[in-house]
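So that you can tell them apart, the chains are marked A, B and C in the order they are listed, and the count of residues begins at 1 in each.
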Amino acid sequence: MKKFLFPFVLLSFLVNPAFAQKKNKKSEEPLKIIFQLTTDDTLAHKALMKQLSNITSVEPGVQIEVVCHGPGLTLLQKSKSTQKAKVAEFAGKGISFKACEFSMSERNVPKEDILDEAGFVKAGIVHIVRKQREGWNYIKSGF
Amino acid sequence: MKKFLFPFVLLSFLVNPAFAQKKNKKSEEPLKIIFQLTTDDTLAHKALMKQLSNITSVEPGVQIEVVCHGPGLTLLQKSKSTQKAKVAEFAGKGISFKACEFSMSERNVPKEDILDEAGFVKAGIVHIVRKQREGWNYIKSGF
Amino acid sequence: MKKFLFPFVLLSFLVNPAFAQKKNKKSEEPLKIIFQLTTDDTLAHKALMKQLSNITSVEPGVQIEVVCHGPGLTLLQKSKSTQKAKVAEFAGKGISFKACEFSMSERNVPKEDILDEAGFVKAGIVHIVRKQREGWNYIKSGF
């Protein structure tokens, strides 16, 4: 009987700590937030900047990405953004800003008009959904 | 000793490929996107149609459902929709459109006024939350 | 051979029901919905109250939390809310309302101006993201 039980006892030691570790790892992992910005409302842009400031002040290890598409593209346009200094400041702190190439094409926004700190994604919504699948949590920006 | 280890070796072959397969399957699975539309802004309706076109062009196997409730119901109303042809076109390609019955009742919208291509759900938000639990990723439509 | 197989047969009985139970538990668990309210549009506030009524009528065990930040704080302000009676009614039925302290500070809203039924969170978005990580499903309120 002892001989029969031994594999199970061993198995429980092998398996349980693995599960426990996985669970702890999840809750200790830094937050990963994917923002969707689709509005050209400059008050909403200003509010988002304030939120980024607040979030990073209480969650130092947080990972944040802001995906701008449709009218939200204006946050990242050199010719239109009212938040250029803030975008540059947050990009310097590791926050990622992404412009949707589909939206750029539809709105005739050339790459040269996008802030140097921003990156590009082919399709904003597809990118956001893929990020959600990788464990990022989604927040829709705007009012 | 050899006899003792054999079950574990076998077990590792049985168990590990299964886990590996599950993980790969997840990332290879088609995207499943559940849109929530709550606005009667016809520009937002037009933007959503453009997004559906863009997403399906880069993600051929994607599954999409659009849940319309509150003022968003207008997208699916024969008497009000500005996107009837597009809704019919996308429904023909497998995209699902759902009208919220609670919203229909509150807004006195009879079933006959809902586009023939659309289906019905009792409560829009409950449906969206259930879909999220089944692994669909949520996107709030509108600006 | 029989002796060799026995642990596996036993293991399958031990392991499979556990997985099955976990899966069933998930789908039987009450829905947990975390709403984000960021607008001061009183029509959106009224619509949210109607949604809470509808959802609880079809999902008796549902858990709901409404996080108010930015202009959405007005739903919970004694001096501004148009839905005081409804908030009190739903709070009495177990729905949780939370005011964002960052937003209160930025908008000079003192604690005394927040409805007695509401609670407080330091940073609205961080709270919403943590809830999502705990398995709550996110819905952005408003149109």
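As a working rule, a contact is a pair of C-beta atoms (placed from the backbone, for glycine too) under 8 Å apart; a residue touches a chain by one contact, two chains touch by 3 or more.
Keep in mind that this is a model prediction, so the values were computed, not measured.
Relative orientation of chain B and chain C, expressed as the C-alpha superposition rotation angle, is 120° to the nearest 5.
The pairing of chain A with chain B is characterised as different-residue: of all residue numbers used at this interface, under half are used by both copies. If you average the Cα atoms of chain A and of chain B, the two centres end up 21 Å apart. Multi-chain contact residues of chain C (touching two or more other chains) are listed as 7, 138, 140, 142.
Touching chain A in their complex are the following residues of chain C: 6-7, 11, 36, 38-41, 70-72, 102, 106, 122-123, 125-126, 128-130, 132-133, 138, 140, 142. Residues 4, 7-8, 26-27, 31, 33, 47, 50-51, 54-55, 58-59, 62, 137-140, 142-143 of chain A are the ones touching chain C in the complex.
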